[in-house]
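One chain, subunit A, appears in both complexes that follow, with subunit B as partner in the first and subunit C in the second.
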Partner chain A sequence: MTSQPIWSPVALSNMVEPSTSTGAVVNGAELVVWRDSSGKAHVWEDRCPHRGMRMSFGFVRGDHLACLYHGWQYDTAGQCSHIPAHPQLEVPQTIRMQTFAAAERNGIIWAGATADANAALLPAERTGLVTVRSLYADCTSAKALKVLAATPLPGSADAPTVEAITENYVSLTSGPIRLLVAIQIMGEEKTALHMMATEGAPVAALARYAQDLRLILETPVAEAA
Partner chain B sequence: MSALTLYNYELDENSYRVRLLLSMLGIQHEIYSVNMLPGREEKSPALLALNPCGTLPFIEQDGTVMFGAEAILAHLARNNDASRKWLPIDGPDFTATMMWLGFAAGPLQAAVKAREVAVFAVGGHLERLKAGARAAFRIMDDHMVLRQIEGKDWFAADHPTIADLALIPSFALSRDFNIDHEEFPALRLWLRRFRRLPGFITMPGIPDYH
Partner chain C sequence: MITGQGDVALAEVAFVFSGDLKQASFRQFAQHRAERLALGIDFGAASERFFDVTVAGDEALIDMFEMACSLGPYDCIIHDVTRRDIVSPASN
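Moving on, here comes the complex of A and B:
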């Protein structure tokens, strides 16, 4: 297996509102991405230590994430702090979530491979970006990269100029348009592309371009040839 | 006018569509609980005499029966919503409202059937139905991505319509047949928005969060 990136994109920042949670899969590992009521993002393993319910089905209460099944609540450090069936109980320190580092950079929530992933390895910060969309496709990340590099951006007939910012973050440029694509490897045949563009870019046209891209990404190679 | 009676089954998704609008518009009504499972009461001679289709939901008022969830939604909105927002009959949003209402009755029924196979163990090809449901959710998510870019929060108008209401249940219940919400970020935001509208009610399978 190829080495795993230290930081993987898991969602566009503004698609996860404060006090909400969602699931995200990175290399087959199920994660929960959630924002507390103050807006801070957290990434944990998507499994409740009690009976294994998915925490992404749960709900946020202030700065706690609560499990949908029996309501156990976990604080921002992943420590269980409240068990509704035993409200008096001092919850043992051992009941805690496996947590991962979480960071926001360039309009994207990134999950660290470990709890202490090195923030210096995040892509360099850029300002003036606008949201395009996240695109989920049944294809390998290698195919996604190939198709991104070969498909003209809106308003152009030629393939874009491609620059790999990191191993899972590419910049596509065509005339005045620059599209930044963060690539989330979900599994062998499942990839998510989180797209932001430079300010002033034709966002609706880029969203349609992404939609069309999915058709190419999911067309079996033999037929596409 | 005599009371409106809704013939429904608590766990039936199309019945929930009508209950949801009754609640959101605050319409007085009575409920007749049909023993759909395991009784198949909707196919009994007594109920077939009312609704020859043998489907749920249907409503009865003043001796008149109306079947088909989407037709019932349009009928109730037309007669009970003075603001004309839930069914924008006269405005330019009518076309999109009817189109997405038709989508709920058409392609999206793959999701309704997938849930029936998964939850009620009735016959059907689950994987094929799930693929149909996923394709329908993608069409909806693509639409809401573009709507959001235009600064719009709802499917057909600047405000929720019966199109949103008819589309919401299948997405809210998709975990019943193992389609998660993570691949549809724009629908996730839309569902959260809809849940906060006055009169919103849940059904089993849609968590209440408290």
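Moving on, here comes the complex of A and C:
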């Protein structure tokens, strides 16, 4: 994740329920995004140090994430604290997950490039936002930005006004509608867009707009021309 | 006697892993697993047919080391493992 922005969006906040885990990819790095029972989000490397099993297949027990394979349990700091096959073992500090900073801002879970990513570099907090949806497309983030800038929002015939809030977070405005899009670079040709809108926006129409957007995003350039 | 991290030496075991080995690959793999499991490690003789290694630390973690190395890195095939206790927990 070194060539990535300091903070990358990895999921819409309401897509990860407390006591569940899911997978995410940032620039090819596989991550597990999970919430403990108190609702706090965590982002780690998606790989158990024991046998390499994906931790996103694991299960949450209170404030621990347990690997599906042999049940090794990791606390919220990523330290292995319990090995079921050796319940008496004092687990060495060396058995731990690679962790990344996790933060929630504007309805989105953001992953830091490192465990101590500077929270001051997160996008500014906004209130009164509603969830639209996430969109996963086989295209570059540059193409996604270009298409977002050129595609009219619902109820408008003109391209929206685009404001880059950060390098991976843009605001699209058209009349009363304001759509905030967090761009997750998954790989060279894989991009996820996490969309939130200002309260009162036509969410259903925006969700359909996003669906249409995907077709445009995945249309090869030659076909589009 | 070699010691694990934190100077814990509950057990010490000498292993000989034999099979089709790439020495550098197997050594790196064994070193990584030993560090992960907080085991002390000492490398002995090695060839493309066998690898001699001694580890020290908690017995349960040594068992995990044996299991991991018996699978080995992707470019090594382990056919046999011999294990010899140098220091057993009972003798501590």
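Going forward, the second predicted complex is superposed on the first by the 222 of 225 C-alpha atoms of A that agree within 3 Å, B and C clash if a C-alpha of one lies under 4 Å from a C-alpha of the other, contacts with A are read in each partner's own complex, and residues count from 1 in each chain.
Methods note: contacts are C-beta pairs under 8 Å (C-beta built on N, C-alpha and C of every residue); 3 or more make two chains touch, one makes a residue touch a chain.
Note that the structure is a prediction, hence the values are computed from the model and not measured.
More residues of subunit A are touched by B (comparison of subunit B with subunit C).
Touch criterion met: A:T94 reaches subunit C, while subunit B stays clear of it. In the superposed pair of complexes, A:F57 makes contact with subunit B only, with no contact to subunit C. In the overlay built on the shared chain, the residue A:L68 is in contact with subunit B alone; subunit C does not reach it.
Shared-chain residue A:P49: touches subunit C; no touch with subunit B. By the touch criterion defined above, A:Q211 reaches subunit B but does not reach subunit C. When the two structures are aligned on the shared chain, A:H86 is found in touch with subunit C, with no touch to subunit B.
In the superposition on chain A, contact of A:M15 is made with subunit B only, not with subunit C. Judged by the document's definition of touching, no subunit A residue lies at the interface with subunit B and also at the interface with subunit C. Contacts from subunit B toward subunit A in the complex involve residues 142, 145-146, 149-150, 175, 180-183, 185-186, 188-189, 192, 207, 209. Residue ranges of subunit A in contact with subunit C, taken from their complex: 49-50, 83, 85-86, 89-90, 92-95.
Residue ranges of subunit A in contact with subunit B, taken from their complex: 11-12, 15, 17, 20, 22-25, 56-57, 59, 68, 133-134, 136, 192, 203-204, 207-208, 211.
Subunit C makes touch with subunit A in their complex at residues 5-6, 35-38, 58, 60-61, 64.
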